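See structure below.
Chain nomenclature is as follows: A, B, C and D, assigned in order of appearance, with residue numbering initiated at 1 for each chain independently.
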């Protein structure tokens, strides 16, 4: 697990969802959920400094995206609620635990924390906090690949929330990828809240998918709680972008099933919403759907749960055993150029 | 002319365009054109430092907006090509000549120049250069009026170009006014170029009006070279916003009939475009339309031209006679608070 | 009953709303939720029309505020974190800060920036941006270090006619307590001698005032050194008279700040002291800032990135030994 | 045949494109049109896929560049005016400048900022933003003052692994001429003695180097004063060794800049000289900056807003008289 072994082959999904792919998506959803529950517990036990932000309820959307992306070939900029997408894409759970727990061995070496992690050299960008900023960045990776003549068959992807759609960065980024017609998929996970702010204080259109046309993007709507729908729609959108169909915008409707972070009880989310159409848990839905299709048995499910629990447990244990960064051995420089090291 | 005398009464336009209003719009178009030709000539003669930016070809759009706004009540943030809107709204031509020629008596006192002028206390905002920044600002004026209980019957307005739609500021501003449902009219004058950049490098949708729905704005398209259509459509949109119909987005199609500024020959504009549908001059169209309707005679037109030429001539002459700012008498402080004057 | 620094910010806003109908609050999650740090808790209930939730649009938030101020209002804008004001940078420095100079119409807005580092907050929730905004003509930048200053300076900021960047330090929010909000009500633009001394002066502001006092205590115990601590309170305008008067007494100065080391408040302080009190200096004026990297996430790195009582003592020992 | 400062910028970009397939140019109107200042004239014809017109989206332009750099490219981004980089501020300081520190993956981008005042350009087409970007860890900020430096430093900037803010002064574009682009090819990070002297040192950069030389000439004629002029060339890193060595010779320093007076390069220079060469100073280190207002439009105001040979001479006379 310490090596980067989990990767997903380049899937060129046809309209028909395969059993194999659906199971991959669901496994990533489960793995992410299990890992995030661990992280949440660690936070509540005071073992994680800063904050923990989980993607409960958004796993179907996120995993459906990540499962279509190929490590070391595609580029993915996950945001706040994309543990499932990271997992499906191929992020090692140790990257998460090490970053949250501040192990010096994590990809961020204690310099950055929680969600602000990635492996940019392998296609997983490390988000900054400023919402919307990743859209243009992913576009830049793709533009670079185009200039180098290496774009063929590649795709870029990112997820944002409803709140992030209000940022200028998001707008400029979307417009840029549309003008350049880059093979990119942008998912808006419209979970009805930005922190405490409900949609009616965030935007005034009926549905954010109404924005697709205005950018000249192909648009897709999806029920973010319906795993099979997510896997199909998102899978097709990725396949379309990959095969030259131009940039794709997907709006997934769902509900954030946690607080904004684990410090937040989310008590401002009305009960009607929790009990409403999008209040259901996509992981429950996904399990049900696979079982109904005969693509999963209860026994398998239990085995997976055991496996993922053990994996998460181990990832936490490893990270907890590791030292944090040693401030006395830090280089304390933000400069990369060898000729300028030590100058200020 | 040195006093602010020209103002337009609050017009609540019905669908039917009145002769009176159509003539007002056209007069403003002519006055602006005449003034800007003078300014352009001054620039070419080396009498204006910096640059001159004119609205040739965009007068119908701009005047149709300005003519529906009431000085000292409504709020208007003109942009680059809005001399006609300024004139129709009630800006004294002296404000233009004084600002361009750097008279200390102008509203900007030589501190800012050319288009960066206004009378914010009277509802005419003074643009900064950064495109898109005025949208939220106008919205802020309206929000303030709402909080004060003075919003009833007021309207706010601004114009931007096709290029400005790519800015994050424009997006954030539009979204904000939509969420607050402010009585505001935003016109996109899509003149097919942003400086030298043609639309296909600026946006990827078929028509910028496709963006209205995505913001939850009511949208209107108009042929910006057709004066009567502009006066009607823009007039109705302003009336609608004023009477509680919520924010309105108008996209006017036209062609910039000048260079970006008078330093630019605009040679990158293809002949087909100049000879195409939007290549015609709205001022010619407007004159023709009024004459056909029997709302204007050639004789009147000639009298107006004489009148406006004299007015522009006088405005230039006055400004040229006036002193520029005296740097030795400047306060050289950007601080307004009396208690902090002189501190740094 | 003790009140905290964040209580002071909340109470000042409550009073401003109560006393001045021109005041309104605008920011993300500040309404029913009461703000990410609860600085506006309960205020929307009392003034539903004057405590308004904003979309995640920092640029538009400031653009809006400028328009509202032109229309005579006195908006207080909450940035969720100072770091996100980077997105509003243009509207702050080019729209708000230039408006009075250009047009003669003032833009009295207050922009609240939850600033500074706390353990585990990382590069994008820890920044100190006072130097960025202070560089531009037309701004006022305040950096309260005490509960009473947090209170009175916010009220004063609302009354100023200029855009005020109000840098509130997150580390002080709940940690810093006082019996009440009362203080000496010094005006913005005046520094304060927080602790008097005679051997050296530390000029600082915001959370570092407390670290400086700690360092002063250590050195006093260690060798009877009496370190004077000057709290700038506002970094623009910067009360150089009080600073120079202190240097006149001590002959030695350390300018201390939590921000990045290139430029910034500490270099401005040193430069001004040189310009106005060079002959008073018995030793080279010194600076101590954070290290020249983004603010790190890990508490151990964070603790070494910013100045600490220990590193301040070390700097002061060098200064005293000169 | 004379070449100009803007020719140097254009030629350096041409060479970078020719020699390094990783280089590409991105900016508004830089393609067929050749850029607002013609710095990219004819380049798109030669490299249609590597000279790309951008929408008016400064934030996205830098976001794009960061992504491209991560993917191994070396983009050069043209801001139409430095002033508009305010809209890209967040992407520059938070995305580009932090990336290497956070991830270990460098972000080698060059951001060209047409900077500084020219008569009639006004508050939003005249700004000098070097201090803003230099404040942040992870940036390199260069400010060439000569034709040869404009050329060599742009090529060097492309080769550096960090985000480089390349501040090119618009006033020098066509006014500053040279026989060719050749120079001493000093590396970024090294200052240069532009004129040697023994009575006082002026430390400056960009267009002000030429104003300083003019002032030095005036004072030489006036009273035989020999003023040394140090051209910093890059303000971050800042070559304090060369500055201090100069102060060792002259004992007197004036830090001169065209930017706003609060903070900035001049205060950083003064502070560092104090830290590293205090004992060498025979007089208080002085600063001269622009006035504390936005850059005014009117040429008469503009000429008084920025330092001029006359105001520099006045400052130097005071310095020499101390």
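Please note the rule applied: contacts are C-beta pairs under 8 Å (C-beta built on N, C-alpha and C of every residue); 3 or more make two chains touch, one makes a residue touch a chain.
These are the chains along with the protein names UniProt gives them: C, D = Alpha-ketoacid dehydrogenase subunit beta.
Just so it is clear, the structure is predicted and the values come from calculations on it, not from any experiment.
Chemist: Which chains lie in contact with each of chain A and chain B?
Modeler: Output, common partners of chain A and chain B: C, D.
Chemist: Is the C-beta contact count larger for A-C or for A-D?
Modeler: Spelling it out, more C-beta pairs touch across A-D than across the other pair.
Chemist: Looking at C-alpha means, what's the farthest chain from chain B?
Modeler: So the farthest one, by centre of C-alpha atoms, is A.
Chemist: When the C-alpha atoms of chain C and chain D are each averaged to a single point, how far apart are the two points in Å?
Modeler: Between these chains, centre-to-centre, one finds 30 Å.
Chemist: What whole-number Å value describes the gap between the mean CA coordinates of chain A and chain C?
Modeler: Chain centres of chain A and chain C, defined by C-alpha means, are spaced 36 Å apart.
Chemist: Cα centroid separation between chain B and chain C, in whole Å?
Modeler: About 40 Å separates the centre of chain B from that of chain C.
Chemist: Please set out, as single numbers or ranges, the residues of chain B touching at least two other chains.
Modeler: 108, 111-112, 116, 128-130, 166-169, 172, 175, 179, 201-203, 333-334, 344
Chemist: For chain C, give me the residues that contact two or more of the other chains.
Modeler: In chain C, 54-55, 57, 59, 83, 86-87, 90, 94, 97-98, 101-102, 123-124, 137-138, 236, 238, 262, 291-294 touch at least two other chains.
Chemist: Is the chain-to-chain touch network here best called a line, a ring, a star, complete, or other?
Modeler: Shape = complete; every chain linked to every other.
Chemist: If we count contacts the way the header does, which residues on chain B are in touch with chain C in the complex?
Modeler: Contact set of chain B toward chain C: 75, 107-109, 111-112, 116, 118-121, 125-126, 128-130, 133-148, 168-169, 172-173, 175-176, 179, 333-340, 343-344.
Chemist: Along chain C, where are the residues that touch chain D in the complex?
Modeler: 83, 86-87, 89-90, 93-94, 97-98, 101-102, 123-124, 131-132, 134-138, 236, 238, 255, 259-260, 262-268, 270-271, 274-275, 278-279, 281, 283-287, 291-294
Chemist: Spell out the part of chain D that touches chain B in their complex, as residue ranges.
Modeler: So the residues of chain D in touch with chain B come to 28-29, 31-33, 36, 53-57, 59, 81, 83-84, 86-87, 119-125, 261-262, 291-294, 296-301, 303-304.
Chemist: Using the touch definition from the top, list the residues of chain D that touch chain A in their complex.
Modeler: The contact residues of chain D facing chain A are 24, 49-50, 52, 54-55, 57-73, 75, 87, 90-91, 94-95, 97-108, 137-138, 140, 160-162, 187-189, 236-238.
Chemist: What part of chain B is in contact with chain A in the complex they form?
Modeler: The contact residues of chain B facing chain A are 166-172, 175, 178-179, 181, 200-206, 208, 210-217.
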